[in-house]
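Data first, discussion second: the structure below is written as structure tokens.
Chain nomenclature is as follows: A, B, C, D, E and F, assigned in order of appearance, with residue numbering initiated at 1 for each chain independently.
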Amino acid sequence: MPAGELRYPCPVSCPQVSQATETPMEEDEAWVWAQIKAEARRDAELEPALASYLYSTILSHSSLERSLSFHLGNKLCSSTLLSTLLYDLFLNTFSSDPSLRAAAVDLRAARVRDPACVSFSHCLLNYKGFLACQAHRVAHKLWTQSRRPLALALHSRISDVFAVDIHPAAKIGKGILFDHATGVVIGETAVIGDGVLIGAGATILGNVKIGEGAKIGAGSVVLIDVPPRTTAVGNPARLVGGKEKPSRHEECPGESMDHTSFISEWSDYII
Amino acid sequence: MPAGELRYPCPVSCPQVSQATETPMEEDEAWVWAQIKAEARRDAELEPALASYLYSTILSHSSLERSLSFHLGNKLCSSTLLSTLLYDLFLNTFSSDPSLRAAAVDLRAARVRDPACVSFSHCLLNYKGFLACQAHRVAHKLWTQSRRPLALALHSRISDVFAVDIHPAAKIGKGILFDHATGVVIGETAVIGDGVLIGAGATILGNVKIGEGAKIGAGSVVLIDVPPRTTAVGNPARLVGGKEKPSRHEECPGESMDHTSFISEWSDYII
Amino acid sequence: MPAGELRYPCPVSCPQVSQATETPMEEDEAWVWAQIKAEARRDAELEPALASYLYSTILSHSSLERSLSFHLGNKLCSSTLLSTLLYDLFLNTFSSDPSLRAAAVDLRAARVRDPACVSFSHCLLNYKGFLACQAHRVAHKLWTQSRRPLALALHSRISDVFAVDIHPAAKIGKGILFDHATGVVIGETAVIGDGVLIGAGATILGNVKIGEGAKIGAGSVVLIDVPPRTTAVGNPARLVGGKEKPSRHEECPGESMDHTSFISEWSDYII
Amino acid sequence: MPAGELRYPCPVSCPQVSQATETPMEEDEAWVWAQIKAEARRDAELEPALASYLYSTILSHSSLERSLSFHLGNKLCSSTLLSTLLYDLFLNTFSSDPSLRAAAVDLRAARVRDPACVSFSHCLLNYKGFLACQAHRVAHKLWTQSRRPLALALHSRISDVFAVDIHPAAKIGKGILFDHATGVVIGETAVIGDGVLIGAGATILGNVKIGEGAKIGAGSVVLIDVPPRTTAVGNPARLVGGKEKPSRHEECPGESMDHTSFISEWSDYII
Amino acid sequence: MPAGELRYPCPVSCPQVSQATETPMEEDEAWVWAQIKAEARRDAELEPALASYLYSTILSHSSLERSLSFHLGNKLCSSTLLSTLLYDLFLNTFSSDPSLRAAAVDLRAARVRDPACVSFSHCLLNYKGFLACQAHRVAHKLWTQSRRPLALALHSRISDVFAVDIHPAAKIGKGILFDHATGVVIGETAVIGDGVLIGAGATILGNVKIGEGAKIGAGSVVLIDVPPRTTAVGNPARLVGGKEKPSRHEECPGESMDHTSFISEWSDYII
Amino acid sequence: MPAGELRYPCPVSCPQVSQATETPMEEDEAWVWAQIKAEARRDAELEPALASYLYSTILSHSSLERSLSFHLGNKLCSSTLLSTLLYDLFLNTFSSDPSLRAAAVDLRAARVRDPACVSFSHCLLNYKGFLACQAHRVAHKLWTQSRRPLALALHSRISDVFAVDIHPAAKIGKGILFDHATGVVIGETAVIGDGVLIGAGATILGNVKIGEGAKIGAGSVVLIDVPPRTTAVGNPARLVGGKEKPSRHEECPGESMDHTSFISEWSDYII
């Protein structure tokens, strides 16, 4: 995709491009939020059946942070963990630590890199990987504050609702793209670098580090480090090109999620 | 299972048998619905604790279509997408396009081919693969009508509730049997032929076509075309017998879900 | 972990240690329940936001059995299967058959063997594998009593809520540890021995027996028997060391869930 | 209020004016529904916090009948009487018997006669007297069809939710205006004529007939017939002017709900 | 209604008849429960739309006590007071103190004396006065055990849900019949004798005693003692016949709720 | 109650005492909040079944304002007006206008004057009159800001949930005590002075003013002005002592709610 066609700056999480993005976070968030509102307004007009949903989740809120807190509170609540309690928790945690507010960056990552992502608002409302990741940021913050019982209760809800299971101790970077996300498991001691693309049903366990811009194939079971901009596939996962000289892709992990590309990558070790 | 014992015609989706089934859809649906009611009545009598559930989901309804719309509306609703809205959506969409009403065929497929399927009503109420598939037909219809935001919101609920993640753009045939279904992921550009058997946790991604009566092993990651009546297994999935001369099974994919049969099939490439 | 450091007896399920544990079940359950209450009381004090949750699920109950029945009833209920009905079902079934009350043993297994398990109460409240397993015991009991429609309805809820899919006919031992549990599938004819460790997303299908203290790697698709104290990994799963002379680990499957140990085990067959 | 100022025809229920209103019901309903939608659209724009509510209850529906069925289904449902079931019941009953569809007439009555009624949509959404009355029409229909258990279950929900208690056997006319409505009780054998105004907390019991355009004072306990266009007040209620020559008001019962007018009327028998 | 036609013994609460009823409570309760089940079975068959409701509330239960606990738990629960908690509370309290189990007697009172009461099951499910009264018995028990905060929380739910407001300290006899019940208020220090009939919207406040078989007119505000088998009407309420020689009705307060009888009674002091 | 026994200052709303209370609002609120927390802590300890409720509604909150917003949000929500939306609305409105935060004063009024009010926390959680009044303050604020549709939607929820029906335009003072509150109705143009005591089921309609410290008897229908420290009773309500020289009570309307005192007051016009 030529730069000229790029309607919005590339996500921060993609390191080799990030120098170009000088936009401060607040400005960026405001811009993304404006897009989301415009999209939701258009969709509400075209699809009355969805308008109530769009107003309650997006159009009645004054900021991305509030919209997200509301949406997560309603999705993750249960009869014993009320939506009002969770809404409060999300809102307070996002407000108290600006570093947690990576939603705008993550939304950009999904928008730029996933061809199935038709709009920011679609990702905000419907992408379970995106939503699980934002809620995980709050759970992780609580974990680092030694508020483990609350972190674990939150993790339990995320895992029940989304079938995306990220241990609250796991360190997750920004601009992560979860493709489909269903069945993804990330263990307690994993560290996931910025701009990583994680395929459906991938499992990342043990004391491993996934480098910036790496790609993890769908269904992979990753038990080893994955260097930056490298692809790991299979069960157990191996680096494409081998551990000694992994074939490094110099750009961002796929402007497209064209998984057929994995096929050729896999051909190295299949037969 | 000898044909003589077959109490009901084989599913349409299984092509080499379909000539024998001349039953028009309405008649077939009526027959299946009558079976479901009879089963539910018997179960309600034997198990009072379940009677309320059986009456609300099956016995109080006048057609399979209404029962299914009610059940899906209640299972997929959330605090921001009300059951009444979804019920309306399912009922209207099923009514407006008879081609979406493949539930009877799918129920037969499960009943004939899955030994764990003890009754039609059990499948209707409890099979997440079956339910996700019926809801997907509605989401897909909306997608083709360019009502994408609604299609995606529906997809999001299906994926949250069932952990079965079928992109609304994916084309799914009839008589599909999802074994267990938990963790199944089907991408935007996949095309799944009739009578396909999909194992637990299978992932089907990319611009691929799964032929009629094909079998996809549990946990497989399918990134290549699978010809009709052929089996694909593994991560990444390979055809049993190899790409050049895949071993074709001439009948329907398993009157039984005997997965140990995969073992011998796999033995080709597991040294 | 040296025995001297062991603060609580090893789980019964781990056979070679079990001789040492002469504690009768009731006493053991009482001891575990006392720990859970103490933990919950401490957590409620430190984390007011969680106190309501801890009181409703643990501190307001007089026994582990009641607490578990309440928690499962609230987690598994739906608009058509009310929490009061499920609560009643769990409580009555646990009371009528003491052999179903293996929760204390399972809690110990998680506590001793999973380093991510920071407390008994955390496991009781949040471990979806643990909760799915306790609910499965009730579904299995119903199955053996020929109350199949109710067993299957319960199974459907467990599978929807936890994305852990254990057929009600499957026989599950005690002291099983599900690591993460998301996406685990266990078929109708599987028999799982005591003290087994099951990795995330593992699929166990067909007429297979998993021996005592065996380990199933994350993402494995197990279609063959796994002898006691043996590890199976991969898709399809193979025994580490090969079928002829599987490398047997003499102790309990991992005092730690250190999955990097799988790497060396896998090295046998990854060229 | 001079006729020239009247922006919409007077309700049918007000007999001496009704000759002037030749508008057939369908046309009238369509006109009122158009007003409601316009009001809701304006309110949704001005008050984003309410937009979701307005879209789900009004703006996503294609007719007054569907909107009302949806709103009543959601307001009257309980954990044992699901909203989908009630929605179906209301929709089917309103469709099958056009005479039940008096909502438009009742809305006009409220709009013309109650100064506190600021808009049609406000009455449709918020007036418990109006809502209880529409639901009562359905309960009454069921009663006359000898479907008493369902009629009584519905009555129970109306009475619980609105604290407005109209026995399903009671015969209620059109264009009834319940002022505040809280605590109103109408017994099994009461017959309420068209255009009646019923004050807050009024109780009407026994084999009594309330004539067209009569007024029942707030807190009155009516145990006697009230002739047309006559006012009854007090506990027990007496006719203003006495039983022999009740003071008859020739027009519609109050273009305003000015209750201070009751004062002078009451002066007859106070002292 | 001639005694010969009486299909079931008169309620205990009606003192002059009670000698005739030698039926021990257990037997009586069993008989009433059998009637209820038979009625519910018949209604479920005739009205499929209601069958789910009837099975969940009545037909799936093994005793009147369990059915009532379930129904009250589901009606009185809120997002902060869960149905499972309330169900437990009702079941345990009814079990621990047989004197609280007056439901059968109260059901008989309603059935014999209220012509609007078409069946026992209708009263059990739908009569808010009956339900509020049973729940009040539990709240009162808690009050006498000095468990006031719980008693008051329960009272609050009863008052919110039914608009029937009985202070937990109030002493209520057996065989009480609340006609309509909406808006009834009974204060902390009131004592209500057996077999009393309380009209809609009646308020009983202060240190007063309502004697056996007394009748309180609808909308009355009772601030004085009412002797046995005496009628009080009006606001403030006065005894019919005057305080000196109140006209005593020798039988049970109305085999019918014929409120027009109040008219003649009231004629004493009206004019 | 002698002043010496008074454990807390008299409510501001009681004018002749108010000079003595120099406590600024913030200090007062903090003191009341501290009492509430202490009470709730004690109750939670003594009554484990209630602890979850007390933690979620009181003990997990940092201020009276947040606790009240949470409690009202959860009590007043419906399937179409979510608790998170209402919670936000209450919290924002209370924060933006300190004059709305009269809860502490109202709590004191209930505590000092209603002998049935055993604690502040009991009133905060369970008094429907108190809760309806606090929610009304927010609805009234919205009304004065011309946000009528939202004000009316809120009013509708208050009226449904509590059967307390205060038109959002009505002006309500501070330190109001609603006794029981069930069935109370206050019309659009009423003005209620400070320290007023309103009996159960009272109806106040028309362009009337209720003066400071006035008392309205239970079941009264008030259509005339009530001067300060004067009692009005009956239907229609008359001033005790007559309109010309109403008997004025010089102190606060009843340190007790002894309704028998009404008896003697009423004796003026009864007979």
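Following the convention adopted for this analysis, a contact is a pair of C-beta atoms (placed from the backbone, for glycine too) under 8 Å apart; a residue touches a chain by one contact, two chains touch by 3 or more.
The chain lineup, named per UniProt: A, B, C, D, E, F = serine O-acetyltransferase.
All values reported here derive from a predicted model rather than from experimental measurement.
S.K.: Which neighbours do subunit D (serine O-acetyltransferase) and subunit E (serine O-acetyltransferase) have in common?
M.R.: Common contact partners of subunit D (serine O-acetyltransferase) and subunit E (serine O-acetyltransferase), which must touch each of the two, are A, B, C, F.
S.K.: Computing the C-alpha centre of each chain, which chain sits at the greatest distance from subunit F (serine O-acetyltransferase)?
M.R.: B
S.K.: Quick one: which of B-D, B-F or D-E reuses the D-F interface, over half of the residue-numbered contact pairs in common?
M.R.: D-E
S.K.: Just grab the chain with the largest centre-to-centre distance to subunit A (serine O-acetyltransferase), centres being mean Cα coordinates.
M.R.: Of all the other chains, the one whose centre lies farthest from subunit A (serine O-acetyltransferase) is E.
S.K.: Where the centres are mean C-alpha positions, what is the separation of subunit A (serine O-acetyltransferase) from subunit E (serine O-acetyltransferase), in Å?
M.R.: 58
S.K.: For subunit A (serine O-acetyltransferase) and subunit D (serine O-acetyltransferase), what's the span in angstrom between their mean Cα positions?
M.R.: 52
S.K.: Mind pulling the residue numbers of subunit F (serine O-acetyltransferase) that touch at least two other chains?
M.R.: As it turns out, subunit F (serine O-acetyltransferase) has residues touching two or more other chains at 49, 52-53, 56, 60, 74, 79-80, 82-83, 85, 163, 183, 201, 219-220, 235.
S.K.: Which category does the touching pattern between chains fall into here: line, ring, star, complete, or other?
M.R.: complete
S.K.: Inside the complex, what are the residues of subunit E (serine O-acetyltransferase) that reach subunit D (serine O-acetyltransferase)?
M.R.: 43, 46-47, 49-50, 52-54, 56-57, 71, 74-75, 77, 83, 115-116, 118-119, 121-122, 125-128, 161-163, 180-183, 199-201, 217-220, 233-235, 258-260, 262-263, 266, 270
S.K.: For subunit C (serine O-acetyltransferase), which residues are in contact with subunit D (serine O-acetyltransferase) within the complex?
M.R.: Subunit C (serine O-acetyltransferase) residues touching subunit D (serine O-acetyltransferase): 79-80, 82.
S.K.: Mind pulling up the subunit B (serine O-acetyltransferase) residues that touch subunit D (serine O-acetyltransferase) in the complex?
M.R.: Within the complex, subunit B (serine O-acetyltransferase) contacts subunit D (serine O-acetyltransferase) at residues 56, 60, 70, 73-74, 82-85, 87-88.
S.K.: What residues of subunit D (serine O-acetyltransferase) sit close enough to touch subunit A (serine O-acetyltransferase) in their complex?
M.R.: Interface residues on the subunit D (serine O-acetyltransferase) side: 44, 48-49, 51-53, 55-56, 59-60.
S.K.: For subunit E (serine O-acetyltransferase), which residues are in contact with subunit F (serine O-acetyltransferase) within the complex?
M.R.: For subunit E (serine O-acetyltransferase) paired with subunit F (serine O-acetyltransferase), touching residues are 78-81, 85, 89, 147-150, 152-153, 155-156, 159-160, 163-165, 167, 169, 183, 185, 187-188, 201, 203, 205-208, 219-221, 223-224, 235-236, 238.
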